[in-house]
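Shared chain: subunit A. Partners: subunit B in the first complex, subunit C in the second.
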Partner chain A sequence: MRLGQACVVLLIVSVLTFLLVRMLPGGPVQALLGTHNTPGAAAALEQKLGLDKPLAVQFLTWIGSLLRADLGFSYVRQSSVTSLIAASLPNSLLLGVMAFVMALLVAIPLGVYQALHPNSWSDFAATTAAFVLYSMPIFFIGALAILYLSVYHPVFPPGGVGPAGVTDLSWATRLYYAFMPATVLALVQLAVWSRYVRSSMLDTLAKDYVRTSRAQGLSMGQTVRRHGLRNASVPVIQLIGLSLPALIGGVVVVESVFNYPGMGYLLWQAAIQYDFPVILGVTVIAGLAVVLGTLLADLLHLMVDPRVRDGIG
Partner chain B sequence: MESGSPQDDGLLVDPVRAEVIHVPTEGESGPAALLPESVEPERSPSPMAVALRHPAARVGLVVIAALVVFSYIGPLIWSASPNDTDLLVILQPPSSVHPFGTDDVGRDVLARMMVGGQVSLNIGVAAAALGCAIGVVYGAISGFAGGRLDSVMMRFVDGMLAIPVLVLLIVLAAAFRPNQLLLILVISLTSWLIPARLIRAGTLSMKSQDFIKASQAMGSTSTRTLRRHVLPNSVGIIVVNATFQVADAILLVAYLSFLGLGIPPPTATWGGIMSTGISYINEQAWWLIYFPGLAILLAVVAFNYLGDTVRDAYDVTAR
Partner chain C sequence: MSPLDEMKSVPDVSSPETEGVLELRSLRVTDSHPAGARRLVDDVSLRVGQGEILGIVGESGCGKSMTAMAIMGLLPKGCAITSGSILLGGRNISALQPSEYNRIRGKEIGMVFQDPMSSLDPTQRVGLQVADSLRVHTDTKSRAARVRVVETLESVGLPEPAKVADSYPHQLSGGMRQRVMVAMAILCGPRLLICDEPTTALDVTVQKQVLDLLRGIRDSFGTSIVLITHDFGVMARVADRVAVMYAGQLVEEAPMGDFYRSRAHPYSDALLRAVPTLHGTRSARLWAIPGTPPTPAAHREGCGFADRCVNVRADCLNAVPALAKGPSPHHRLRCLHPVEPADGASTSSTEQGVGQ
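So, the complex of A and B:
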């Protein structure tokens, strides 16, 4: 049922992006030829790229090759879209997973602490900080990080995945280079998530079973561990599933700030160069990632919440 | 005749219009019976007024007003041209001649910040307004229609929401190379989704309430019911969400111009200035990072804060 819905979503994503790209005024041919645009050259290029066929045929061809994991050939770089994505996807995954883990590791304890001490001075400070961080443009945090941690005090490299020219990078180098962009990305997510953990935990702590458990003599810490965390995690899991699109958007900006060669950087370069097969490919992969993430969140929800698992309530 | 006080939920009174809908009793019929009886309802001050009287909301409003003055009135006072280059004074830190410094081709950053502010505010407010308008119409139709149409319309919204907004915007910007007007359209194409969902939910919950049923029973057309009852009752949700949408739109404009996919140069944008700052970060051109960064932060915080305070005023449980 959810799987069917996910397929519908993917179909919408691919149809939309395909139509968008093909509806351009002038189209990719105009964009690629620029000043060299003569009717002869345009017709030749159109034929070469298969753009002279009807839209429906083009779409079916594209979907057909998509199902064979063939995303076409870049207009600009001498490389297939699949190989470009294969080269950059691992970098983005590392960045995304790192940011995700960092954000969770801070957001959950922070949110729980705030919920246990509501309206205290530290709660107020954390809420304010989260509010400002949430409104902060990612590139501003990134620029400040580079300015202070790479330029004024050279602690971290200002960008890239590793030293120039080195191809086989060790895990340590990769993590070192990904640390600053991942932290920047984590800060923004953290701001949203900690606010949510706080309110979810506050709701849970107001429940009768928490009072019962306290009345039975359990300490606050025991109560939170036994009842609070699991019950409060249900809405948080849902929120995290929903915040994947935002995380992916953040990846694009962070990778452009740090010249980090992942999917976002690839998309950005492709957009500037009108490299439409690459744009299409990256967008479809991003849609796929969102759908998979949502399914994963649902699965996790199922595991955590027995009411859902047994179909009650 | 039954008529509840305006506070009574689920009676034959539209809480916003506060007009008592007269239900014809036995033996009473005809056009006169269908006229709403005009009563003087006891009205509490509107939540919006309460919210705006709150000091917290004023902070947001004052910051927004300051940004408006800076962006639109500023250029009348500060006469430096935003686009005149001067290669003798490139990358100068702030000084009395150039209070915000100069950029990589010697343009005055203060003047460019003002123009950038106009761009951000124009696009932010217009895109949010347009997005909310689209969302309201879409959501109201979907919620009111119900059934299969509703589920198809909402699956479409789900599908759109699964596309990361920024990715969608980059695709659109790559396709259209936008000017200001096109950028408004493009951003509103992504900002109508949340309002549509909220309004649909509001419509659904309202649809089952008696004052809507009563108005329909008296032969009000769907359009009329939507216009007279559903929309006025949703003003709170719409206004609060619109403020958040402005904040989001300002951020999105900044991201797009930062990526070089927004309004083409030489027009100044906050994101564009920041992008130059990062290109010259090894020259320690901090003024090209701090001024646009703080301006965007201030604008986004102000709108988010205003939205938060107004929402709290509307939300009865939070009051």
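So, the complex of A and C:
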């Protein structure tokens, strides 16, 4: 059931992307030819790239090769889209997972603390900080981070995955280089997630079974661990699943700010150069990631809440 | 119990007046209303003896649940005991530190709540939830705890107790869930059980079973029970003694039989006559008390029931009457102008009430 839905979603995403990139003003032919643009050369290039065929035919050809796991060949770079993605995906994955884990590790304790001390000055302070962070664009936070932590106080490198020219990077180096972009990405997510955790935990703490647990003699802390976290996590899991697209969108921005050679950086470059196959390939992979993430969230929800397993609630 | 506490409790226990398992002394609970702290429970003194079932009745908002939560030490945020004390077995528990109170809840006082569906965590197996009381109060190993839980579930009349222990709350019926709640409350053998509207959310046949279960627990373990309800039928089935609360105050208290025979507070009388009977004629309108209970206030001049009372006189508006001796030996009453003993007076006062 859910898998079928996922396939439909992916199909719709690819159709939309396919149409959207075609609507861009200018086009790959002009971009590639630049000053050598003559009508003859343009026509020849269009034919070579298959852009002279009707849209539907182009789309079906692309879908056909997609089903054979072939994402096509970059217009601009001399390599296949698959190999470009294979080179950048691990970098993005490291960045995304790092930001995800960092955001969760801070958002959960922070949200729980706020829910346990609602309307205290620390709750207000955390809420204010969350709104400030949430209203700041990622590229702005990123630029500030580079300015203060790379330029004024050179603590972290301003970009890249490692020192220039070094190909064989150790894990430590990778983590060190990914730390600042991941933190910037995490800051924005944790601002939102801590709000989710806070409100969900507040709801949970008002439940009768929390009172029951206290009446059994459990302390507030024991009750939170025993009943609070699990019940509060149900809506949070769903919301975090739904915020995966925002996280992936954030990856694109952060990677371009930090010149971090991941999928987002690849997408950004491709978009500037009208490199259609790369744009489509990255979008499909990102769509796949979102769909998988949502499936994972559903699965987790199923594990946490027995009522869902029995088909009620 | 620390040696200090034992020393403190000595004079209380030795005094013949305080043999009760639970004793409330002039308990006052107030909230933190911006316009001044309002008295939600006002000057309530009660004693519950060993193995006694005390029923507390009253309308919603009269302070009966607040009294229960005060005894449990689980008053909502903003509410606090501002004067008076709560003695459990002679030991003053109203001044305990939160961590000390945790050792009393579930161990010496068990509590059964109104709605058995929402009172159990939907994400966890019932057996594990019940076992929590044992885990925090004793160092029972999980296997032994499981055995004990299943035994207790069986003792409250649940068929297939092992299967129940492995179920989630939504897989059980309302009556079964309430039995689970009772099992949870008695697991550590408390001397006091507080039941706040334990049958309100259940249908009538199940109500009777749960009440019989509560009485059975009293009979077998000598547990004292405080039963809070707004239903006189429930009260009459199990309670030994009745305490009527109105607007945060105790207005009348008497042994069950005396209460039925010689209730004297106009509010108690009106409450009893608002209970439908099988003997009345169909055309007779059910008696209802006119007006609504007063909202909690910081300070009250005169009797809180005055503006709804059929017996009200001028002096009722000037002073809050004290809780004094009532018409029968173990009877206490807070009223300046009580109704006549029920037998003769009830018909005439009915006419008065309807005429208003």
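In this text, the second predicted complex is superposed on the first by the 304 of 313 C-alpha atoms of A that agree within 3 Å, B and C clash if a C-alpha of one lies under 4 Å from a C-alpha of the other, contacts with A are read in each partner's own complex, and residues count from 1 in each chain.
Operating definition for what follows: a contact is a pair of C-beta atoms (placed from the backbone, for glycine too) under 8 Å apart; a residue touches a chain by one contact, two chains touch by 3 or more.
Quick caveat, the model's predicted, so the values are computed rather than measured.
Colleague: Between subunit B and subunit C, whom does A:8 touch in the aligned arrangement: first, second, both, or neither?
Modeller: In the superposition, A:8 touches subunit B alone.
Colleague: In the superposed arrangement, which partner chain does A:151 touch: subunit B (first), subunit C (second), both, or neither?
Modeller: It touches subunit B, and subunit C stays clear.
Colleague: Mind working out whether A:304 is in touch with subunit B, subunit C, both or neither, as first, second, both or neither?
Modeller: So A:304 only meets subunit C here.
Colleague: In the superposed arrangement, does A:105 touch subunit B (first), subunit C (second), both or neither?
Modeller: neither
Colleague: Hey, is it subunit B or subunit C that touches more of subunit A?
Modeller: Looking at subunit B versus subunit C, the one contacting more residues of subunit A is B.
Colleague: Quick check for you: in the superposed arrangement, does A:230 touch first (subunit B), second (subunit C), both or neither?
Modeller: The second partner, subunit C, only.
Colleague: For A:19, select first, second, both or neither according to whether it touches subunit B, subunit C, the two together, or no partner.
Modeller: Once the two structures are laid over each other on A, A:19 reaches no partner at all.
Colleague: Applying the document's contact rule, which stretches of subunit C touch subunit A when the two form their complex?
Modeller: 72, 74, 98-99, 102-107, 110-111, 113, 115, 118-124, 129, 132-133, 136-137, 168, 170-171, 181, 184-185
Colleague: In the complex formed with subunit A, which residues of subunit B make contact?
Modeller: Per the touch definition, subunit B meets subunit A at residues 155-156, 158-168, 170-176, 247, 251, 254-255, 258-261, 271, 274-275, 277-278, 281-282, 284, 286, 289, 292-293, 296-297, 300-301, 304-305.
Colleague: Subunit B touches which residues of subunit A in the complex?
Modeller: On the subunit A side, the touching residues are 5, 8-9, 12-13, 16-17, 20-21, 23-25, 131-132, 134-140, 142-144, 146-147, 150-152, 158, 244-246, 248-249, 252-253, 256-257, 267-268, 270-272, 274, 276, 279, 282-283, 286-287, 290-291, 294.
Colleague: Please output the residues of subunit A touching subunit C within their complex, sorted ascending.
Modeller: Within the complex, subunit A contacts subunit C at residues 207-209, 211-219, 222, 226-227, 230-231, 234, 304-307, 310, 312-313.
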